[in-house]
Amino acid sequence: MHSAIQQADQIFVALQHRVAGYLPVKFQSIADVILSVIAIVLVFAFLFAVTTVLERKGLGRIQNRYGPNRVGPAGFFQPLADGVKSLTKEDLVPRAADQAVHFMAPVLLVIAAFLAYAVLPVGRNMVLADLNAGVLFFFAVGTLVELAVFMAGWSSRNKYSLLGAMRAIAQMISYEVPLVLASIVVIMAAGSLSTVSIVNMQTGYSGIWPHWFVLTPWGFAGFNLFMIAATAESNRSPFDLPEGESEIIAGYYIEYSGFKFALFFLGEYLGMFATSGLAITLFLGGWAAPFSFLTWIPSYLWFFAKLLLMIAIFIWIRGTLPRLRMDQLMNFAWQFMLPMTLINVFAAGVWHFMPGGVIRWLVCAVLLIVPAVLLSRGLKQGKKFEARTYRFAE
Amino acid sequence: MFGEGILKGLAETARNFLGSYVSKKRLTTVQYPEERLPQIEAYRNFPFLVYDGEDWQQGLRCVSCFICEKECPPKCIFIEKSTDKKPDAVGKPQFYPTVFNIDVSVCMSCQICVEVCPFDAIKMDTDFELSTDNRFSGLLWDKKHLAKSNEHYHKIHPTEAAVVDAQLAAERAKVAAKAKAAAEAKPAAAPATPPPVPAATEK
Amino acid sequence: MIAATEPIRILPKSRADGGEGQFLEVSMGPQHPSTHGVFRMDVVLDGERIVKLKPVFGYLHRNHEKIAEHETYLGSMPYTDRLDYFCSLTNNWAYALAVEKLAGIQVPERAEYIRIITAELTRFQNHAALIGFLTQDMGASGTPLMYAFRERETILDLFESLTGARMMCNYMRFGGCRVDLPAGWLDHAKKFVATLPRFLDEFERLLASNEILMARTQGVGVLSKELAVNAGVTGPVLRASGVNYDVRKVDKYGIYDRFAFKIPMGEHGDTYDRYMVRLLEMRESLNILNQALKDIPEGPIVDPKTRIRGFKPKPGEAYGRIEAPKGELGFYLVSDGTSNPYRYRVRPPSLMNLTVLEQLCIGRNVADVVVILGSIDIVMGEVDR
Amino acid sequence: MTATFLILAAITIAGTVAAMAMRNLVHCVLALTLGFAGLAALYLQLGAQFVGLTQVLVYVGAVAILAVFVIMMTQKPAQTTESIFSSFWLTGSLIAALVFAVLGWAIYSSRLTSAIVSPHVEAAVRPIGDALMHRFVLPLEIMGLLLTAALIGAVVVAIQEKRGSA
């Protein structure tokens, strides 16, 4: 690799070492960690701010509106205004609420959301902690979010928030299973739970094509299943039942106002970024460039470009689809997602043991497509749901 | 296959997303304070009292007949009649309102007062920026606040105003002819009424 | 919402209800995003399943009927705008029809055409907005609603250039209409109506075959024929249950008998049928609009004999009804020969349709309640009056 | 005994004590969760990543949530007014002390503790997997079978109850 390109790629790593280098050797490792944490907090908080604007503008354009365009150039300072607003608003706590738990819930949520970034490699050599059980760490931290959601919903002493918390926990637990199972195929292929080595597995190229896991039948299916489960995990439309604006108003955070509400908002978006980031790490080659001739672009830019693409897809879906109902959501999880992920694990095994070639592709594709069609028919409950024709009276 | 309709919907939203950048027609939003829609002639919002000529007190067409006060559905008009008379728009001596108040916060801009007025004295305005920081006196408009010139009427509703002016001119001619006849019949009578206000005759 | 100090009230389940556990009593509304105004539902939940639902309304009661008894006949006209504030022109028409029956007034032909054009435009924008709100209640983050409002804006522009107001039109008069169509209005309307099929196609592509929408609406809130007829449900809700009843066809009021149009009928009586019947009705409305805009004759727009001031119909009673977008809207008037009605009664379709809400919702989810309520299409201004 | 260990141990003990001492059931569960988390952190500090993270995943993510869910679904959210000290506290503490003594004796007399290898054995995922799949494959399968049987049994019971009530 050309040294200038390499420098550009490693500029943040070098900067970190340079700054840490000013300190005595004893503190250097801890300074390294602190600098990384600061970087993660700043970058992803900034991304959150940008995403709120992009989401509102994107949704606006989908709905033939302008979206926010008053604060700053093209409305891009809107998050600043929102931040000032949420900071200056009165922090209301219901009198019957469990004060301590009510206070801790948003804090725990944001902490849990930020913790997940520790194992996400956002660029070459750019990961806070290369744990050898990195993926497991990610899911373990994810469970804290459930706890935070429960705390918020229960402590508010509001029936809507209780319903929201119940929905949220049921949904998150149900979709955690397919989420983990969908990522198992990658762990099988990579033979490692470490996010860094999973990405390293995908950095090679055949010709110009990358070795991303998404470019295999099981990887493609796994990616789609993972994204569906991730959408449900991060409470995004069409799985936004825990918030269910039109049904249970705001769900578990109905009784939060001001900055705590903003923290919930932040936590939710951070969760979305984190799961998207994991999907990128597992299936889309992490920070690896999509084509071999594009490797000169710094790795972290690729990671964030992919992340923004995922966010755009999230926004697009949110602008289009209505919400599912609770029982349908559960049916979908247990009748479609779970069998499909299990079949996908099987297909990945078959892929692993078959010799390479077209036949392997065909076998795996058939293994996945046939059950998908059959299961989706089952979801329609034997043609119970279909477009109808109508008669007219004169 | 499951998901077909979802994909169709996604294609549709994508089309609208891109379309909003290409075709201006898709974006119906008007950036209000800077951008304004052209005024629609028929638009109505809150009545005003028409006066002819320069002096709003002299030219007020209202003769305080109380019809609008009675007919107003939300009863937001309050009138007090004068004790003396002054010539009205067509030249007849008539009473005039000493007090004419309309409560902006009660009025629902239904135009009934305009329809029932036999003197074309009250018409609908088009000004919709009526907000004020004083919700009591700021929203109770008196005679002075309500009075607007015939020119203003012509500006906002040209077609309608032209018809009204033609009617008034015809009536004025009739009254003048009658007065002339009366004056000829009784030359010794008191001096005739002052000449009609010039503004209305210009048209 | 419960007061903050009050502990959460949980009703004990009796043995008769089966199983252990407790019921949760939730008051949905009056400030709830999908109650379409200030409407409240006292809901008793078993988990998320509805056990009991009591609609509570009256929060928007404005004494409409009593006020009308103290107003002149004309003075009530602007108040009718505010019944169903989405369709002021059909409200105007129903009231005008009742008074015309009472006083025996004939309406000139051009006025009849104008009435039909405005009424069908009203129906179109009401149904479009309703489908938008319905999908909004399903959580579609307002995209269909915004598309519907994009078209509705143009219709409201047409109304504004004709009547002077976008929503509170106050346009119909006894024996005709208030003002004639302004110059160029017809061409503008024709051009606009020609673009509407494209909008409907877009709407259908966006939603009609969407699996989530089908799963959320098919089989949800099934209203049986018998119940619909017995409860006095009218309009698209009734027709979605498969009862062929449309006042436009039954009464042939105005000049509806001159137009060729069909009535779409549902079969299952569920939310999807109610949604589709409205979608198809919009297409039929376009049919009527095309014919009316083509055939409208020249002539007077109001019966010259009717008086604006001092209008006093002879003693008697009359019931005028039309097919408003939400169902049969009727005005019952009793005259004692004075300038204000002795009795004034509105038969609001929203209220009648709302009476079946509990039967539709029992056994369904909280999420279904808002969808069912949305598909019934209520406007609280009309329910509470 | 580093400072980290002391802090984590304090958190764990504080969490578990609070779980016993608090009056509000949900608070108890949350305190217990803190204890679980502290334990997980202790594992992580020992370098046992897999065990530590599984501890979080299973205990914080599943057990605590399950407990909380059960409380939320069944209990009235009222606080208990009775004393947290049971009348059997003397007996209870006696039994606890006995159990602790036996455990302590067992650990101290064990050969394992006398031969501490190195505190920095990397308990990585791969060796655990290898061990589970080779040496302990039979116990693992039996456990899996047992759990499956329990699951099916639970489903059967639930279905029967549903039929009975319907």
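Per-chain residue numbering starts at 1, and chain names A, B, C and D are given in the order in which the chains are listed.
Definition applied: a residue touches a chain if its C-beta (ideal position, glycine included) is under 8 Å from a C-beta of that chain, and two chains touch if they have at least 3 such contacts.
Bear in mind that the values here come from a model prediction, so they are computed numbers and not experimental data.
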A-D or A-B, whichever has more C-beta pairs in contact: A-D
Greatest separation from chain B - chain, by CA centre: D
Between chain B and chain D, centroid-to-centroid distance (C-alpha), Å: 80
Centroid spacing, where centroids are CA-atom means, of chain A and chain D in whole angstrom: 29
Chain A and chain B: spacing of chain centres that average the CA atoms, whole Å: 59
Interface hub residues of chain A, defined as touching at least two other chains: 62-65, 157, 162, 319-321, 380
Chain C residues counted as touching two or more neighbouring chains: 7-8, 143, 147, 150, 206, 208-214
Chain B: positions in contact with at least two other chains: 2-3, 6, 9, 12-13, 16, 26, 28
Chain B to chain C touching residues, read off their complex: 2-6, 8-9, 11-13, 16, 26, 28, 40-44, 67, 71-73, 108-112, 115-116, 118, 124
Residues of chain A touching chain B in the complex: 58, 61-66, 316-317, 319-321, 373, 376-377, 379-380
Residues of chain D that touch chain A when the two form their complex: 24, 26-27, 30, 33, 40, 49-50, 53-54, 56-57, 60-62, 64-65, 68-69, 72-73, 77, 122, 124-125
For the chain C and chain A complex, residues of the former touching the latter: 1-2, 4-8, 24, 26, 32-34, 48, 135-143, 146-147, 150, 206, 208-216, 218-219, 244, 246, 249, 262-268, 272-273, 276-277, 280, 365-370
Residue ranges of chain A touching chain C (in the complex, touch as defined): 59, 62-65, 94-97, 157-160, 162-163, 167, 237-238, 240-241, 244-249, 318-328, 380, 384-388, 390-394
